[in-house]
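Below you'll find the structure, written out as structure tokens, and then a few comments.
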Amino acid sequence: MSATHPILRLESVSKHFGGLRVVEDLNLAVRRGVRTALIGPNGAGKTTVFNLITGVFPVDAGRILLDGVDITATSSHLRIGHGIARSFQNIRLMPHLSTLENVMVGQHCRNRGVRGVLQPVNLVPRNRWREAARAALVDAGLIEYERSTVGNLPYGVQKRIELVRALMAQPRLLLLDEPAAGLNPAETEALQAQLEKICIGGLTVLVVEHDMHFVGALCEDVIVLDFGRKIAEGSPEDIRRNPLVQEIYLGAPVAQPMERHSACSA
Amino acid sequence: MLGSIYAMVAVALTLSIGVLRFLNFSIPGLFMIGGMTAWASLRGGLPWWLAIGAALLAGAFASLVVERFTWRWMRGAQEFVPLVSSMAFLLLFEHLAVICWGSELRTLPPLFANADWRIAGLVISVPQLVGLVASIALIWALTLGLARTRLGRGLRTIAEDSDTALLLGVEINHIVPVVFLISGLFAALAGVIFALNYRQVQPFMGEMVGLKGISAMIVGGMGSVWGSIAGGLIIGVVEVMSIGYFGADFVDIAVYGLLLLILCVRPTGLFAAAFAGQRA
Amino acid sequence: MSGYLEGVLVLLAVNVVFAYGGFLPLAAGQLNLGLAGFAAIGAYSSAYLSNVFKLPPLIAIAFAGIVAGAVALIVAAPVLRTRGIYLALATFALGQIVQAIILNLEVVGGAAGYPVAAFIRLPAIAATATVVVALVWLLFATRFGIAVTAVHDDETVADLMGIDVRAFQVAAFALGSAIAGVGGGLYAHHFSFIEAQYFNISLSITIVLYVLLGGTQTVFGPLLGAAVFTLLPEVLRASANWRYVAFAAALIVLMALRPEGLVTGAQLRRLLGLARAQPRHAEVAAALPKEPSG
């Protein structure tokens, strides 16, 4: 497979909720080793696309291919084993587990079967999985929170723990749902540095983000969704100049309800 | 007859589930409080109408105590917490009753000297008839009230979404006690009707009826008042039929088997919920 | 050792075993109100095995656990389709059905009860209870414990993290039922006589209350819950009914003040000195209103 062969491809994917067409005949490709942004106004279907890729919902029509393998019918808990890990728009850490244990949840897909499940991670002090999780926390600069209850930690720290958890699955494709939302500028910068560091290894990242500065600084490809359809794609520069995108984001020429756009400037 | 008692207990349960999404396990205890208080006041020499009043008052008061310690304190806590507390209240009520009145089976005096009407060969017991009519009338009044009154609208708003209700200015802390009050009254009244009909009460009388009431509520559909009544009647019919076909020993197997089957196949119950019921 | 003390300790050991039977499903987020049914299956099957096949009591009790676990595996498919309050009610119905079936099984005495010939004393019971507790603790020190807690906390995310949610739910349900079966077997072989009426909904509720009281987050919770509520009334030497009243009242107050049970995970980490001094941000977080969990 060549380096330009897309790692993820969605072919004519559609998803309806009741009568609402959230994703409509969507075709998109994510290039291997490239950081791609998925942007669009609120309600454009970005998170739904993530949920379809990870199998939270089945698609109504179309196919999802990971590295050429059709995973459309693969059940959701097996997809992470194919190399797709994700973070969540609202932090979804396990409140009753410590930081370290939350990170170890990310290793689960590499510990399937009875022997994997019975790994004595909290029994043997130098268990290799436990050590690996600790090392990841050290790398991320989060080791001081190792035994803390996650619910009490600041928002930015929780976001970074979620990122470490996703990385523990050793994914080929990392899906990040609004990683910078709710972070202050310093935290955003730290996150950006962390992401650039992990991408050196050739990890492919698909990120939903509203912060266009963040997207411009991090991503090489941008895909724009509106009403569940792809309306543009290209480099951040192209997208910024694209009149259709300007229309959607600035709203001036076409009469669109303003509230759909207000969040995009945030 | 037993069917209508199950139905009343089921209505008490379903109000709490339908509006608050809270399975109130203390309701069998309130049923018992109704029955036992009626007996105790009759023994104490009160006239029958005062005894019934005292029983209803006791049931309502106990229900408000339960509200105070389960739902109000623990709103937003873990899902099982109010349920567990209401179970604890059932234990509390039962054993307090044992301490007060002993655990023996107590017999009530017959209220009316000759309480049977004989019409064309049919023997109709007056207390049974009164009980049946009263329970149907009350349930009918309740559904009317839910549909027509301001309070009913408030309740239905809470059933939809308690946060939205709060935003809309529905005073949850005023309305929720009303739910407990009504369900407490229904449970206690069911206990009184039971006591007057079967003329026997004891501290654990609520368990059997309460468990059947829960079954009736599920069979009919949680949160639906008329569903509960249909469920109560279905459970009553299933009991009578299984006695007829298989013998008395198989009653519980038939009833709980039906319950399990419905829960697994159609957990929302046989009849769609009239309000709420979005928990499915 | 006086007969009284032995009686109390036997009760403690049996209650501890029951409590762990309730803990496993609760740790995975299931309220099993049919535990008494599985305890009954264990009690009757072990009694039958030792009465009819003359198996040594402890072996019969081990088989009791297997039988109860196997029954749980069979019924898990339909029962675990339901969730939350519906699951609690389905297991409740299941317990009632088991009780009603045993009442009609003449081969084990039906409503008249079933005498058990073999007898075991405190040492054997305490040893069995210790083994059960140790096994659960060991199990929860493995990835199993993390996965089950993850399923309890957030099924969707657990699933996306590659955890087979369904398999862990079934495993927790079946293992818990097996442990309840062992508890039933111990009970049968010490008290020498069992009747179906004992294994009623009150027993299921009491077991669940032990666990919720002690806390479902750590493996220490059930031990503490069962111990407190077996020993405290003995210390107070209250009459049976006052015991129940005190138990219920204490439970209501505890649920109001500490809805997560007596011991929580965070507290335990602090207690054992494992947590470092709380990170500096924690003060800020503590000042904010606490989000309700679950």
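Letters are used for the chains, namely A, B and C, taken in the order the chains are written, and counting of residues starts over at 1 for each.
Going forward, a contact is a pair of C-beta atoms (placed from the backbone, for glycine too) under 8 Å apart; a residue touches a chain by one contact, two chains touch by 3 or more.
Because the structure is predicted, anything quoted here is derived from the model rather than measured.
Student: Could you tell me which chains are in contact with chain A and with chain B alike?
Tutor: The common neighbours are C.
Student: Specify the chain most distant from chain C by Cα centroid.
Tutor: Ranked by distance of C-alpha centres from chain C, the top chain is A.
Student: How many angstrom lie between the CA centroids of chain A and chain B, rounded to a whole number?
Tutor: 50
Student: How many Å are there between the centre of chain B and the centre of chain C, using C-alpha atoms for each centre?
Tutor: Distance between chain centres: 29 Å.
Student: Distance from the CA centroid of chain A to that of chain C, rounded to the nearest Å?
Tutor: Taking the average C-alpha coordinate of chain A and of chain C, the gap between them is 40 Å.
Student: Give the residues of chain C that touch two or more other chains, as numbers and ranges in rising order.
Tutor: Correct list: 293-294.
Student: So in the complex, which bits of chain C are touching chain A?
Tutor: Residues 138-147, 149-150, 152-154, 156-165, 217, 265-266, 269, 274-276, 278-279, 281-282, 284-286, 290-291, 293-294.
Student: Looking at the complex, which residues from chain B come into contact with chain C?
Tutor: Contact set of chain B toward chain C: 17, 21, 23, 69-70, 73-74, 76-81, 83-85, 87-92, 94-96, 98-99, 207, 211, 214-215, 218, 249-253, 256-257, 259-260, 263-264, 267, 279.
Student: What residues of chain C sit close enough to touch chain B in their complex?
Tutor: Within the complex, chain C touches chain B at residues 31, 78-79, 81-82, 84-86, 88-90, 92-94, 96-97, 99-101, 103-104, 201-202, 205, 208-209, 212, 241-242, 244-245, 247-249, 251-252, 255-256, 259-260, 292-294.
Student: Along chain A, where are the residues that touch chain C in the complex?
Tutor: On the chain A side, the touching residues are 54-56, 76-81, 86, 88, 92, 94-98, 101, 104-106, 108-109, 111-112, 116-123, 129, 144-149, 151-154, 157, 165, 169.
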